Structures are given as C-alpha cells and as structure tokens.
Amino acid sequence: TEKENNGTNEASIHAYVGAGLQQPMDEIGKEFEKKYHIKVNYDYAGGGLLYSKVLASNKGDIFMPGTYFYVNELNKKGYITEVANITKHIPVIVVKKGNPKNITSLEDLGKPGIKLALNDEDNCIGRTFNKILSKAEKDHPDITKRIKNNTVVKGATVKQTLIYVELGQVDAGVVWRADAIEDKDKVNIIPINPKYNIIKTVPIAILKTTKNKKNARLFYDFVNTKGKEIFKKYGYEVVE
Amino acid sequence: MLEIQNLKKKLNNFTLKIDNLKIENNDYFVFLGLSGSGKTTLLEIIAGFRKANEGKLILNGEDITKKPINERKIAMCNGRYLFPHLTVKENIGFGIKEKNNEKLKMIKNICKILKIEHLLDRYPKNLSMGEQQRVALAMALVLKPEVILLDEPLSSLDRLIHEKLLYELREIYNKSNITIIHVTHDFNEAIALAKHIAIIKNGKIEQVGTVDEILKKPKNKFVAEFTGVRNLLDGYIEEKNGKYIFSNGKIDIYMDYKCQCGRALIGIRPEDIMIISHCKCHYRNENIYSGKIVEIFPSSLCTYRVILNVNGLNLNCEVVKCKADKMRLKKDSNVNFCITTAIPIKEL
Amino acid sequence: MLEIQNLKKKLNNFTLKIDNLKIENNDYFVFLGLSGSGKTTLLEIIAGFRKANEGKLILNGEDITKKPINERKIAMCNGRYLFPHLTVKENIGFGIKEKNNEKLKMIKNICKILKIEHLLDRYPKNLSMGEQQRVALAMALVLKPEVILLDEPLSSLDRLIHEKLLYELREIYNKSNITIIHVTHDFNEAIALAKHIAIIKNGKIEQVGTVDEILKKPKNKFVAEFTGVRNLLDGYIEEKNGKYIFSNGKIDIYMDYKCQCGRALIGIRPEDIMIISHCKCHYRNENIYSGKIVEIFPSSLCTYRVILNVNGLNLNCEVVKCKADKMRLKKDSNVNFCITTAIPIKEL
Amino acid sequence: MRNLLKFISLSALSIFVIFIIFAVLTIVGKVSIETLEEAIFSKEIQFAIKLSLMTASIATLIGAIVGIPSAYALARYNFKGKELIDSLVDLPVILPPLISGFALLVFFGNTLIGGIAESIINIIFSPIGIIVAQFFVATPFIIKTSKAVFEGIDEKYEYIAQSLGISRLKSFFKVILPMAKNGILAGMILAWARSIGEFGATLMLAGATKMKTETLPIAVFLNISVGKLELALSVAFIFLVVAVLIIFSIKTIVKIGDNYEP
Amino acid sequence: MRNLLKFISLSALSIFVIFIIFAVLTIVGKVSIETLEEAIFSKEIQFAIKLSLMTASIATLIGAIVGIPSAYALARYNFKGKELIDSLVDLPVILPPLISGFALLVFFGNTLIGGIAESIINIIFSPIGIIVAQFFVATPFIIKTSKAVFEGIDEKYEYIAQSLGISRLKSFFKVILPMAKNGILAGMILAWARSIGEFGATLMLAGATKMKTETLPIAVFLNISVGKLELALSVAFIFLVVAVLIIFSIKTIVKIGDNYEP
C-alpha cells in the first residue's frame, strides 16, 4: 500500500528537490530507504516553483533547490532550521556537438553572426551570467551589448536553453555544468574563463514545517555524507 | 371539472384573456380558432408548460395553477415532439408505470386501434408526419389521464386516416371517462367530435356553447363566418302575421326563429341555399327567388361553389356536383333557388 | 416539362418507385397520398435534397438529376423550416436578388396577398403554426421560380385562411407561368387546385390523370376509396336495351357509362345517394330504392352521415343537415333514396 | 468545383489535421525503437500510464457529475448574474495551470474550509490532488459543451415528458440526457483529454513524486528536466497512442449504440 | 423541494462556481495593493498584456477560420477514417503543451515543409510563434464545440435555402453560421481563454524573451519560477480581471444582438 506523506506519517519524508538533481537524488533516496526504511517522496520542480510551494502548502521536510538563492529567501521568512552546501554549480558554455562555429571562449559569444540562447536575468543562471559579463566588461568593453545583440531567445529554464542548442536553433548557450554533462553526447562543453566565472552552490535545508525532525535530520545527514559520493559519481563537484 | 378563472397571458403584442370558463368532467371540449388566436398558448397554460401572468386553474376543486406538470394528471399530445432517441414502442411506453408484460399489452392495444403496429421498432425520424401524429396520440391515450390535451391531433392526417381516427377518438372518448380538450382550426372536426365548443379569436373567447347553439345562434359576425356563414345581410326584421321577415330592399327572407324586430344582421350558409329546377321547393314554400349565376367553380370533392346574383346582391351557394351537372349549371344562366335557413346574428 | 424516369429510392423497408411521369409546364400537379406514402420523399428528390438510388429527372430537356439544388430553379416551401434567426421580412426576402427598394416592394406585395403584413418584424419562433406556413409560402412565391414545390402548404391552416389561401394559390398560379407541384393528403384541396392528380400509395403511383378522370374512372379500389367512394359493391354487369345494369343479388343499379359486362366492382360516393321524400327523384327515374336508417351522425358542418340498409346491404350516404332536419331523419326510420351516380372500378 | 462548400471545409479540415500529423510525426521521428522499449518496460512509466488513466477518468467522471447539472442550470434557468457566473466558469480555462495549482494549494493548505477538506481526505501531494487539479481544469469543458447542446434541445420535450406523468428529474434523465448524449460525450472527451494532458496544476498541487503522483505529462517533464529528451518523447508518444486509442474506441462504441440517427 | 431538478442543478453549479471563487480569492488574498500597482505600472507587464490580448485574438480568429469549416466538414460529410480524424483533432488538447511546443519547434526548425514556412514568416522565437502555438492548442475547442452545434441543426434548413436559389457556400454563411452563432461563439471564447492561458507550447516555440515574446502566463511563470510569488499572483490577478471582463462583455454584447430568442 502507498504510504501517504503529509508529515504525520513517520515512515516518509517529503523532499522538495530541484528537478535537475533527479538522477543523483533518486539514487540517494534508494540507498537511504534501504538503510533506514524511511520512504523519501521527492517533489521535483524548478527551484523557484518549489519555493512557492513551500509557502503555499506549509508542508514538507527537506528543501533542496538548484541554487542557494531560494534557501536564502526562505531563511529570511524563517522557514529554515538548518542548511548546508552540497555541490557546486558552475556556469559553462555549450555548443552543438563538434562545435561548428568554433566557439572557444566567452568573447566568441559576442562575435557577429552567432545566435545565442540565454536565460532570463531573473533566473538564477541568467542573473549569474549577467554578473559574469559585467566582470568581463573590464577586459572586453561592450561585450554585454554584443552578446545581448546576439541573443535570439531567452529560455525560462536551463533545459530549454540546452534543447535549443541541441536542435541547432542557436549556436551556443550558457548552462550549469551538471546539466551539460548529462547531455554530453549531444553538446560540447566549453568552460568559461575562471577569471570571470562565478560559481554557485547547491544547498540542502531542513524546513521548519517538518513534522518529524528526527527523520528529516537523518536524511539531511545522509545526503551530506553518503550523498556527496553519489553526486561525485554523476560528475558534480562537491563542496567539501 | 376544469375551471379557468381570470386567466391572462401577455406575449409580445398578443394577449390571451379568459375570464371564466368551465369544462365539465367527461366533456369533449373543442377550442376552435384561427391560426394565431392563442389556442396552443392556452393549451400549454392548462398543461403547465407556460405560466399565466394572472388567473387560476382549478381541476375538480383543487387549485392546480402552481402544480408541477407531472402531477396535474393532464397529458399533452403533440406529434412534433416525439422523443427522437426512443423507438415508437418506447415512446408509447414512455409514461406507462405498469410492468413489462402488462405494458406491452397496453402498447399493442393502442397501436392496433391507431393502426401503427408496423411502426413499433422505428425511430420518429423515420416516420412520416401523419405517423408521428398517431404515435403522439397513442402516447397520451395509453395513459388514460383525467384530461387529455390535443393540439391539432388530426391536422396533418390524410382523409382516410383522419376519418378513421375521428371515429376512433369518438369511441375512445365514449368508452372512457377522460375529459378531452381539443384544439383545432377545423370546424368539421369540431362538429364531428365536440360536445362543447369555444370559439376563440385574438386571445379572447367569442362564444361558448354546444355545437347546436353555435350553429344556430352565432353571437356575432366572426362566429358566423367562422362556422360557415358566407352570406351576411344587413337590413330590418319585421313581424307579419306571427312570421318574421327580413328585408334589405333587395331581398325578403322569412326567418325560422322568433327574432328581434328592427335593424338586424342575418347570415346564410352556402349549403342552405338550394338551386331548384322548378319554381317549387320541397322543403319550403317561401323564400323562393330567381337569379343569375355569376361564377361557378369546384370547391370540394362533390361540390361546386356558385355565386348567384339577385337584384345586384351576390349570394354564395354550395351545390352538389351531381345536381349541378344534371341541371347543367353554367356561368350566366338563370336559375331559381330557395333559402332553406337564415340565421339571425346577435351582434350588429 | 418535368420528366421523372425510372426513379427508385429505398428507405429502410420503404421503396419509392416511379417508372415514368411527365409534368407539363404550367401544370398544377398534385400528388395525393396517405401519410407515409412517400410524398415528401418524392418532393425532396425533385428538389435535390435527397439523391435517388436510380433514375433521372429531366426539366425542359435538361438532365437535372445531379444538378446542385440552387441551380434547379425549383423552390421548396415548408413552414417547419423558416430561418429562426431572421425576421419574417428577412425570411421572405431571403432568396430575392433584387435591390432594396424593389425587394421591399416584392415582399410587401406577397405579404398583402397572404395577409401577413402585420408579422413582418416578428421572428418565426413567435408565430403560430399557420402563420409559419404562410410565411414559407411567401418565401417561395416571391421568387417566381419555374417549379414550386409545396409540401402540404395548407395543412395547418384554419378554415377561413385555408379557403382564402386556396383561391390565392389559384390566382397566383393563373397569373404566372409557374409549374406547381403540390403534395397533400386532402382530396378537396387537390380538386380545388389541381389540373392533374397523381395518386400515390406505398411509394408507387396508382393513377395519374385529370381531376375528372380520377373521379369518374378510378383505376382500383384504393383510388376509389381515396377519392371518397365509401360503398363498394361486387357483382355482375349486364346489358339490357343499351343500358348497363349492375346487380349483386341484393340491389340492381343502372350505370351511367358504357361498361364492360361480366363480373364487376362498382363504387358509390355517399354524396351520390340522395334520400328523397316522395318516391320520385328529380334527377333520375331509375335507381330508386327504399331502405332503413341504421345509423345517423354528424359528419361535417352541414352534413350527416346516414347508413342505410337495403336487403341486408349497408350503404353510406351523406345528407345535408337542413334536409335531414326537414325530413326528420332518425335511426330506424324507413326512407326512399336514389343512387344518382355509380362508377365502375376497373380493378376487380 | 461543383461543391465549393465541401471543398473549402474539407480543405480546412485537411490542413489542420495534416498540421497535427506533421507535428506528431516530428515526435515520432525523434524516437528510437530502443528508447521506446525502454520506456514501455519501465516500471515507472507503466505506473504513470495507469495513474494517468485512472485519475483522468475519475476527474472526468466527477466533472460530469458536477458539470452536467451545472450546464443544465445555465441553459435552462434564469437568475441574477447568470452572465457573470457563466464567465466565471471559464476561469479555470483562462488561468495558467500553474496559477490554478498554486491557488488550489493555498486553498487546501492555508484556508479554513480547504483545511477541513484536506484533513478529511488527504489532497495535497497525493494522487487525490491530481484528481482535484484535473477536475478543476477540465470541468469547464464539460459545462460549456453540454450547455451548448442543452440550449439546442426544445424545452417542450421535457414538458411533454412531464405531462406524461414523469417527474422533472426523471424527464431530465430519460429525455434530455439521452438526447444530449453525443454533445455531452464530446465535452467529456475534451475534458478527459485535457485532464490526461494536464501538467501545471498537478505539478503544483500533487507534486512530481515518482511512483506516487507522477502522471505521464509529469514523467515527460521530469525526463526533460534531466535532459533525457528522447525518453521524454518516447513517453509522450506512448501517451499519445494510448489516449488516441481510447478516445477512438469510445467514439466507435458510442457510434455503434447510436442507432437512432440513420 | 418542489423542483428537485432545479435544486440539484443549481446546487452543482453553485458548488463549482464557489470552488472557483475560493480558488481565485486565495490569489487575491495574497496580492497587496503595492505589488499590484507595481505590476500594473510596469512597462513589461503592460507589454505582456498587450501581447497576450493580441496574439490570443489573432490565434482565435485564425482558429475560427480554419476550425469552423473543419467542424462543418466533420458534422456534415461522411468519409473514410472520419472517426480517426475526429480523434486526431483532439491531439493538441491531449498533448502536454511542452511537448506540443517541442514538436512545433522541431517541425518549423528541422523539417523541410516547416523550414519553408519558417523562411517565409519568421515563426521560431518570434511573436508569430506565440500565435502558431496558441492556434495549435486552441483550435480543437472551436472545432469540437462548433461540430456539436452544427450536428444539432437540421440539414433541411440548408437545402431549403439552396432551393431558394442560394449557393451552398452562401447558404452556409446566411443560414448555418447565424443559426450556430451562439455555439460557435462559446467555442471561440473557450479557445480564446485557452490561448490567453497557454503557456507550455508558447514557452518552447517562442521563448520567454521579455518585451518580445513574454505573454502574461509566461510572465507569471517566470515570476513563479524565480520565487517572486506575490508579483506572479498580481500579474495573474490582472490577467484574470482582463480576461473575465473581455469574455463577459463579449457575451453581453452578443446577448444584446441576440433578439430572436425571447
């Protein structure tokens, strides 16, 4: 029989997790269940959407969006009891497999004739990339403007940008490294010059709304220990 | 007894208004009126389909003005509204509360009477108009309700079935205790069936009475014309030796009944003018005239309409065909004729 | 000329089959048949609404079997299908190609004739059934097409308007060059209007001819009954001194026409039996009988149906009311009567 | 061109259908047999298929139970503010599903009335939530389609049924419902289709928990989120085939029973 | 309870409408005047409103031009595979919008026929793309609703119109279209509502570029997905008010012109 989770059921945990983290987290969940016989119900969606859900439902135990930003927001509202960083989120450039337009650096994105897919500046990756650009502005004046001119579409999610690159609708995009690695047979990854790059982290937090602190705590600790190994296996750089 | 009290219903620029009308139990009551006179509207108010603006309906002492349709024990019958998703059999069985076997028997019975046994498995869409009418009739008749409402039930039937159904209706009526309220524009239908007739015009009842009363004493010109009077004469009635004689300067007519003297309107039905070969009539010694045929044309299966001119007065006269042929009636020929009955019309 | 050649149409267990029929230009042709005989179906095939399974339609030499409806110059008229979203005025103006002023004039004209001027701004939903019929009639008439198809155009009209419209139809027909094909189950309507009549039964034409032919020489029992013959007698006809006499052992009747001798079926219309007060008839010296009244009841406005018994034979007879009243006809009384016309029926 | 109307209308239909077919073919074109097999034999996808079919069917059924009488009320009765209520019914169609889902989440999670409902049957983050979300989003289609059909049926049929001794309620079931059958069914199929394709509101209210609240469209979403585009398309394809087959068979079955239209 | 049917049907309607109102109220309750003002006076939101209204209207119009004849074809003509085509028309409703958007993207970006269309008018990543996506998703509603209404209209009306000398095509415009007006309009309003609420397909095909392809639901989505919940709800609220007002006024205007039903 299905075990329902609404916080009252001791044998399960409701965890809001960024949709991009599915593969490692699914595996972590299995291991955790095997060990503690506690079922983990992952609720996968984009970080912001999860943030809204927490506020709307007043329910849930674990919050693990793709970026720290939302944990911070929830923290301000007093929804967080504990938080720790698990992995790094590193912005990279992706191009179609084989790199037909021969893009090798951030500067190349500003070349005429290049079609770019970026994310909206309200989005975490979009915001981060804007900051990267203003750092690069010092060495490459006008790069922001040139890149903006080359941008033909803005996606709402990282995956949307990736799809545009894979389908060849655009020549390049900027996404998180972990997302790009999942699709590495379809795209080439070009690192951004560390001089300009800004690295974000993926945190895990225990929610104040949890009805079973003990179990939430168990899972939180599990992700912080065994979980990091699994993340490594999937190509993530973990925060030690 | 069904009583209609101070009924009023406004529709656009049409108003139905019936002050007081009583329909006895087991009556065969026919509302007779021109098209657009409000017959259907009245029937639908009685059935509860439409709400009147004012007035009351009382059935056997009980006020049913606000009763739900299905509790009125009044069944409406209309061939245009058979249920399209049901077969004829299912349509007829629609309101029957009895169980299977009994139900089937009732259906079979009524179908036999109405000659629609062969249609039982058809859907209404595949019936002709006349067949539809008969099915509707069966649907209501099979239920034997207290009052049955018929909205022109015979109006799209052909002559043969019309005739048969007419007698069937009479028989069913005679055998049962149903009150039938029948709406039609066909006077012959009314005469053949009705005990009482109400003549309705423009939403108002012009005259109510037995068939005889209406035929012999039409209240006004409208009723007279509607009941077949085609010749209306305006003049004076005088009494002479106990006999009442109408005169308008062109023609003098002996009346049958005691009449009011003075200015008068009288009417003659075309059927009550007989063309005679000799100058003597079998049925009457007075009221013999001679005139000229102005026009002659067929008006039905066995009749001609003849327009006669006497002293500049045109009279409509109906002649049986065989007689007309025998007498070789032709336009412009001169003939003798007799007025067998002239009726006084109350209204001037 | 409209020719129908080898037409065949199957519908469920009904088949319409017309081998060869010609309708002259400017004819007033009436299809007369019981309900369910296929009149509407035939009309709709002529109009192009339905496709026949086999056969051809030829209008003035041109094969129109496959022509689109709107190019046939055949207008169908049906009161049940007025356009609900258009006012009466717009409905009538629907097919008119002329421009505003002219159009309005045409509409006004036809409305005057059909007495529907006061309805011009109403919507069909707010019309009574009779009013709807007249509007439909107006819609087709105003267009003056080559052929006009009327599916029971007078069937839900009341007596007065029926009578008036009948003569209007005659007039419109007389004044124009239209061919009218009219479908009805009302024999009187057919007689009053038709030049030619086709009697249709069960999808097949029983007899075609002028009104006179059909009345005087019904091809078979069905046609006879349908045209009002209510007395059918089976017996033998013999010639005696140039006269043809029918006999069946109970009654001997002198025939009017030259007849085939031998076994024969003859018919008598109720209207052709006259009850006479003396034992002499004005119109005939032969065919005088005496019998007993078995039943008598009103059958229409001015007539009684009387059932007479002669030697055990029941005869239906129609008597004008005034006459019956004068003669004090009553059940079980004995009377003399005369058979004015008896017609031979071809089929045995 | 003898029959211009036929030509135009069939052309329009062809254009739209071809457009749809092409769009679907692009999906099919991206799917390889292997991934399709992988998808079909995956426990997770099988669960999602079952869950989707079940929730969509239940939601449509409840939607019909609520929606058909509502449609009847809108078609037959006059009351104040009818036009406004009629417009309100369109709201769930207008609202972006995410917002609908959010509103429902707040309703059941943070309000008194919703809280009572939630405490009786567990709606949030449960399969029941899927049904509620689909019900909310799909019912307007049943209401609107049924209403249009009810309005086309002459009231006199009901009246006559009643005058034959049948109660109002029975006349609805015995006359109006069967007469409106085809239209109502069209509405229910639309609603079912909308339910089975519903994603945003479900995501919000029920969440995207695997083997628990993962319907087919959510499976598609989850696969897209991890870049498994091909698998996502395979799932979408399976989904398509299942849905079309079911709709097609319902229509065929109904056609067979539908013998009063020759 | 004299009129049980009325009671039941009005109850059902009330329940559903109250449910909707509560759901909407939760949205309203979360919106503060300040954020509402912020939203209303934001250039971006104003642009999104205009864009949404325009694209949804155009998509509905094109949907009507294609959909009404298609519905007529489905209602009147018999041809092989009609049931299948009828089911295919439901596909855009069934498909999760993200998948529809993806399919359209591939169609216009990566296939020959689509490529030709794309080279004539720029569809991908442009406002035209929004219209195409909305058209694809919303047209089935026009087709299905109109079809149901067409089926309810007796063919004889057309025949009689034609026998009065009017061509088939004209009889469609002069008779069938006006008679089906209300039903078609209901379908078009549904389609418009669906278009204006459409999000997934638009996001895929046209992208979420501010001041270019950002419609209201995309604005809502963007705001939600970055956690700007209150702003998202404000936008949703504006969106609701605008849509309901428009639908309500259309219905009222139509009612006024609709004088043949007393």
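Read from first to last, the chains carry the letters A, B, C, D and E; within each, the first residue is number 1.
Keep this in mind: contacts are C-beta pairs under 8 Å (C-beta built on N, C-alpha and C of every residue); 3 or more make two chains touch, one makes a residue touch a chain.
Keep in mind the model is a prediction, meaning the values are calculated, not measured.
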Handout entry: Minimal step count in the chain contact network, subunit C to subunit E
Key = 1
Handout entry: Graph distance between subunit A and subunit E, where chains that touch are linked
Key = 1
Exercise for the section: Specify the chain pair with the maximum number of C-beta contact pairs. Expected result: D-E
Practice task
Give, as an integer number of Å, the spacing between the C-alpha centres of subunit D and subunit C.
Solution key: 56
Practice task
Give, as an integer number of Å, the spacing between the C-alpha centres of subunit C and subunit B.
Solution key: 21
Handout entry: Length of the line joining the C-alpha centres of subunit A and subunit B, rounded to whole Å
Key = 88
Fill in the blank from the handout: Where subunit D touches two or more other chains at once, the residues are 3, 98, 102, 106, 110, 167-168, 171, 221, 224, 262
Completion exercise
Touching at least 2 other chains, the residues of subunit A are 49, 52, 56, 157, 163
Practice task
Find every residue in subunit C that makes contact with two or more other chains and list them.
Solution key: 12, 68, 126
Completion exercise
Interface with subunit D, subunit B side, in the complex: residues 44, 47-49, 68-70, 72-76, 78, 81, 83-87, 94-95, 97, 123, 125-126, 139-140, 143, 145, 149
Exercise for the section: Flag every residue of subunit D that touches subunit E in the complex, lowest number first. Expected result: 3-6, 8-13, 15-17, 19-24, 26-27, 29-30, 65-70, 72-74, 76-77, 79, 83-100, 102-104, 106-107, 110-111, 113-114, 136, 139-141, 143-145, 147-149, 151-152, 167-169, 171-172, 182-183, 186-187, 189-190, 193-194, 196-197, 199-200, 216-217, 220-221, 224, 232-233, 236, 239-240, 243-244, 247-248, 251-252, 255
Problem - Sites on subunit A touched by subunit E in the complex - result: 46-49, 51-52, 55-56, 69-70, 73, 117, 120, 122-124, 151-157, 160, 163, 167-169
Handout entry: Contacting residues of subunit D [partner subunit A, same complex]
Key = 98, 102, 105-106, 109-110, 122, 124-127, 203-204, 207-210, 212, 221-222, 224-229
Completion exercise
In the complex, subunit A touches subunit D at residues 2, 4-6, 14, 19-20, 22-23, 26, 41-45, 49, 52-53, 56-59, 157, 159, 162-163, 166, 179, 182-183
